[in-house]
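Next up: some structures, all given as structure tokens.
Two complexes are shown next, each including chain A; its partner changes from chain B in the first to chain C in the second.
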Partner chain A sequence: MSVVLSEIPVVTAATGLSPVLPGGHLPWLTGLRQAALAAFQQQGLPHRRTEAFKYSFAALGVVGKLDFVPALIAGDATLEALPAALPAFDGHKVVLLNGSYAPHLSDRAALPAGVEVQPLASLLARQPERLEGLLGSLVQYDEQPFAALASGLVDDGVVVLLEAGTVIDRPLHIVSITLTPGDAPVMAQPRLLIKAGAGSTATILESHVALGETETLSLPVAEILVEPNARLTHVKVRNDTARALHVASRTVKVLAGGIYQAFALSLGGAVARDDIAVELAGEQAEAHLNGAYAARDYQHMDTTIHMDHAVPNGRSSQVYKGVLADHGRGVFQGKVTVRKGAQHTDGQQLHKALLLSESAEVDVKPELKIYADDVTCSHGAACGELDDEALFYLRARGLDEATARDLLIEGFLDDVVEQVENDAIRTVLAGLVRAWLDARQEVA
Partner chain B sequence: MALIEIQNLHASVDGKEILKGVDLVIEPGTVHALMGPNGTGKSTLSNIISGRPGYQVTEGRILLNGEDIADMEPDQRANAGIFLAFQYPVEIPGVASSTFLKAAINAKRRFQGLGEIDAMEFLKLVKGKAKELGIRDDMLKRPVNVGFSGGEKKRADILQMALLQPQFAILDETDSGLDIDALRVVSEGVNSLRTADRSFLVITHYQRLLSYIVPDVVHVFAGGKIVRSGGPELAEELEAKGYADYVSAA
Partner chain C sequence: MVATESTIQTVKDIERYKYGFETDIESDRAPKGLSEDIVRFISAKKEEPEWMLEWRLKAYRHWLTMEEPQWASLHYPPIDYQDSYYYAAPKRREDGPKSLDEVDPELLATYEKLGIPLKEQEALAGVAVDAVFDSVSVATTYKKKLNDLGVIFCSISEAIREHPELVQKYLGSVVPQADNFFSCLNSAVFTDGSFVYIPKGLRCPMELSTYFRINEKNTGQFERTLIIADEGAYVSYLEGCTAPQRDENQLHAAVVELVTLDDAEIKYSTVQNWYPGDENGKGGIYNFVTKRAACRGRNSKVMWTQVETGSAITWKYPSCILQGDGSVGEFYSVAITNNRQQADTGTKMIHLGKNTRSKIISKGISAGRSEQTYRGQVRIAAKASGARNFTQCDSLLIGDQCGAHTVPYIESRNPSARTEHEATASRISDDQLFYCMQRGLSAEEAVGLIVNGFCKEVLQTLPMEFAVEAQKLVNISLEGSVG
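Entry: the complex of A and B
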């Protein structure tokens, strides 16, 4: 059986699959899958009129042209050891291979008390009642066909439950590897569910790596609940091989006094999209989304954010920086909504792009929807080339042109990487940026 | 042989002639001061010597140790021993000062056929020189010049000079923005680098700097060229009388 997205019998096929998926006997889960598939069927893949995919539907058109096969059908991929493309990182580790838990690559032995990190499938098998009302409670399908499709096929992933007041000592590293096992391009939907209990503190590093020479389609869906006064730091790194497609959807809800601090580094792959919707649902809640991306060749990288201030006294910020080389294309859509009555909201947004070639392109669409009158909101966008003055300054100190340019590009991205507080993670990120530059030098 | 010899240099920006026949010979081991009204081309001259793009040299040439440097890139000139302390040092967000200093030192070492500097040796060297110039350790961790005060930027440039040990250094208004103590510290830094084979071109508007860094020759620069040269006493005369004579003459 092969599931061909272009023809959309994926829905029928997936409905047929439903009983054999983990938790297929659970009515609530079957209902959730069917509703998601119905939403997908109704929308279809993004097209010209899908506003949220205005700049990216064309790049994602390839999804409809290739016969991606859900990992469950494509067969098991095998991997003996963690790939070199993955950031070497010392921490608690849980690894997903094509969306399914890979115990032999994971290390959950030293997790402190109060922290539960469970493979989704096994929790569905053992204690499904703990997921009812939680799984699928935040994800949105409106103009999110990929989130709908992934939810229709939801089978495995990682569930992180932090008890109230828990503090994780070392970061938790969640790894998602996508790898086509046979000839047919694989599609995986790694699911992530995080509930940071009241007053808990944790740092999570989420790494995505696609391997191999064949196309892969990864559709991560994350639902994150930050309970009152919890503090969650969430760093996502994507470092894919050339033919990878990655469309991630994340929905975050932050309750009173909670802080959600996110960073994203996006590198490699063919097309990547990060869709992040945050609702500041309690007063004094904060969300800070920062990120850096670098696109070369014909790579396309899209970050689409919706920051929703639902109640008063929330604070949010977004700072993203992108480097576009060759025919690279960047898209940044940042929407900030301040709902009626959400007074004293502070919402900031900034996107900066560095264009390294005439053929590179960036599309930025900031959007402020403000229905309260006493707020401080701003957005800014800058787009430019390398600064000639800075370039001359470095060269006047003996750095040759290529070295000077690289140092400036690195500085441009490091400037936002610096925002990551955890030293070990920041070092990993800076190392990936450096490796990206070195790889470019080799090609040049 | 002269260390630097500038012969009948004419240069323009966007078709506008700024340098109109500069002649200047700087012997090894000497300090030359260049003084003159605003906007007459002093920084332009410094930039052209350093190889900054954007200027068209229409006539004349610049020799370093007898060799025409016209075809040399800015970094080749730097590695050959030319250093420019900028009138306005540039801020470079995201690039740590220490990373930058190390890259500069290693560029020079590579040029000299040496390997990269050892990390410990580098730290010791930089910290030592920084201390002499009154530069705090935390400034080295910050991005290049970002958030530095005007005077701190100037000191940072002099630190670079002290580390790179150029043969010929141009100080373009390094004194402006320095407080009285910093002026002394920086001057001492420069004086300690004065050797028999190293030379300086010191651009300044104030005689005060020249009482610390005593020049061998003082030049008056006006209307895109050197209009008069003399000894240190010329600076005092300018301080007293201003440039009126030269501006009208130019």
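Entry: the complex of A and C
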């Protein structure tokens, strides 16, 4: 196992580096970084025997082969305006460039009262006590070496604090751009911390985009706390360039009566992995995770979910759909745990994949772990190609083969995209799906 | 009063020990532990040819380099492989009980519930039967008939001596020696098992069963079974029986290999009811089984059916490698765990040939404090155009202290292949129970009825007589889990 990454000076010397990083004078933060780095060093990069990366360790092997330079050392990237690859979206905006807050691209002026959106680094400098016990409190490093590495270097990101009862009028757009300032492959670790206070309601759109022709490694780590009766809608869109690697970790805790509703659209990039862990920690809590992904060329997309029902009366659902073209490979691992005593749990999961080429591959591992009897849990998984009869139906009505196929693929994905409630965001997502199909047509 | 009861219990326990199933440790048993010498000893005892010994030694040497797998969700104390006997000569008849009167009444009560005929009860309990018991002669009659048809049905040791060319060609060709830790151990020390060869075009007229051989030898701790169905042949093979079986060996590691050539079909049915340990999880058999079928020929078919109710630990994944175009693999399973039992079982369907089809129906019932896992894999290789898989895994939980888990792996590399997977977990609804009980059934009878309905899809694939017994077995296994 070659872990070149751990030999990068900044990783091995990270403890010495800690004072230089934002909040380096804070013992609790230094302790957190050290613990995370120790967890990373102990696990190393995923290998053949790492069960959680069974289908993705090989694709992620490139991480160990290239000398990724942390953005902190690589130098400042500059960007005048938001790139076109990013969904044009009218809303409150915070932009991170290689994980660091970019004020000139952000727009936080019109945020309503009770909503605080702060760059992590500046909050650490001014009021670190507000983050103590919150930052790093949710993420677990077991089987998440990348989240451990990112946490060991945590420097900047976005902190969203919603006071009890607040309602955000328009969605908040959090943008993370990865871009190499020089020639060396760059690594960034944008951090996201959301605390939705009791009874608050908000919609957040999280966009990730990598630019340029050099390899980039983005390691976003998100920690989200949904307090009692809060309702948080969280849409993530990733639309990367061909050389981008994206390994994201998200940990969500939903308290009594809270609702966490998430959607993810994954497009482009070389390798993408999304680890999402949700704990339904209070009764009547709900979590709904939906998503769509489309891979072509040699793209590799992995979604790994752990839905943990810790207490009774929780409800969860997952619907993921994937389209695999060319040599594209999709991975979906979804685990639903019902802990002892978590009676009256309702947990559902569905994954469907469409294989469009002889060389495409999909690997699915849905998992149920149940320790309570009075529950309703199920999962379903299906893979196959486009339905011949549906294709025939459309062709018989005068559509040419390519258009008919596209229409069916679009319909397949739109089925989940339509679950997104916010009209503006749904329109953006549908547009991206359409653009993906059009781009594919051009190649063909 | 309490003291009197405990005395009675002690006496009973002594009796049980006396008339139980312990064999005296005599000279016909190899010393404890495992070494090359023991492997040589076993091979010599079995009067095996040199190539067989070499084969065993190769497996043993490789086994030394292997590590026991830890991935299954099973918890058991570490097994000391040097603390077991690897060879014991068959029990002598005079060691067994002289008549049913000497047999543990609890065991007899169970036989009664299963509706097992008296003669068979004697055989199962290990009663030293003489001319009275005619199953020996029945078996002999059967054997002659099979012989005339060209069917080879004998113990694996006999096959090694009599049909070396077939054994050499097929042994280890489906489950290679180094396949896994337990199969490798088995390859080194197996002492018994069955060998079946069905010649071309023959539809074996009767169901073959280890049962026929029960009086010849004790089924060993490390069984090795090899079944070959030549072109166009068909055989239905039954393993085990519904009656609870006692065995002083705690560790079992069997290997079963099936081979089907063009248009051949093997139907392999298992009912496993080894001693599960007491309600506190003390004792009980550890059952680590490797079962695999190679559907080598075009349009060949293998159907695994299993009813797993016994053993403290079950580790078993009967699988099909669908190599031949158009071959079919089916897996039907009912697993019931109660008290402290743990089962990690499932199947693998590896689609290599075109238009191969597989179907998996798994029904798991957990009660008491037991833990059960369905672990399965469906793999569609790039060349398996038109492959088709359907999987359904249902778990039923009885009580809030048990666990039911489902861990399927689905890997698809061919766009024209279709895979479907469904899994559910639920409990018996109060409505169903109420409905049954309102019609006069006791809670236990109602649960039995509902569970039998839940398993029906699997049970009906069993041969008829077996199915009837299995249904009763389902009820018995769940005794004490409700009310």
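Here is the rule we go by: the second predicted complex is superposed on the first by the 434 of 444 C-alpha atoms of A that agree within 3 Å, B and C clash if a C-alpha of one lies under 4 Å from a C-alpha of the other, contacts with A are read in each partner's own complex, and residues count from 1 in each chain.
To be clear about the criterion, a contact is a pair of C-beta atoms (placed from the backbone, for glycine too) under 8 Å apart; a residue touches a chain by one contact, two chains touch by 3 or more.
The structure presented is a predicted model; accordingly, all values stated were derived computationally and were not measured.
**Q** Using the superposition on chain A described above, determine whether A:E401 touches chain B (first), chain C (second), both, or neither.
**A** Only chain B; A:E401 stays clear of chain C.
**Q** Check the residue A:D90 against both partner chains and state whether it touches chain B (first), chain C (second), both, or neither.
**A** neither
**Q** Comparing chain C with chain B, which touches more residues belonging to chain A?
**A** Of chain B and chain C, C contacts more residues of chain A.
**Q** Quick check on the superposed pair: does A:D438 touch chain B, chain C, both, or neither? Answer first, second, both or neither.
**A** A:D438: touches no partner chain.
**Q** Scan A:E358 for contacts with chain B and chain C and give back first, second, both or neither.
**A** In the superposed model, A:E358 contacts chain C only, not chain B.
**Q** Using the superposition on chain A described above, determine whether A:D373 touches chain B (first), chain C (second), both, or neither.
**A** A:D373 sits against chain C, while chain B stays out of touch.
**Q** Is A:L413 touching anything from chain B or chain C once the two structures are fitted on A? First, second, both or neither.
**A** first
**Q** Considering only the contact definition stated at the top, list the common interface residues of chain A for chain B and chain C.
**A** none
**Q** Given the complex with chain A, which residues does chain C contribute to the contact?
**A** 71, 382, 395, 397-427
**Q** Where on chain A is chain B touching in the complex?
**A** Result: residues 387-390, 392-401, 403-404, 407-408, 410-415, 418 of chain A touch chain B.
**Q** Going by the contact rule set out above, which residues of chain B touch chain A in the complex?
**A** Against chain A, chain B makes touches at 50-54, 73-75, 77-79, 83-84, 86, 89-95, 99-100, 103-104, 107-108, 111, 143-144, 160, 164.
**Q** Over in the complex, which chain A residues touch chain C? Could you list them?
**A** That would be residues 51, 55, 340-341, 343, 353, 355-385 of chain A.
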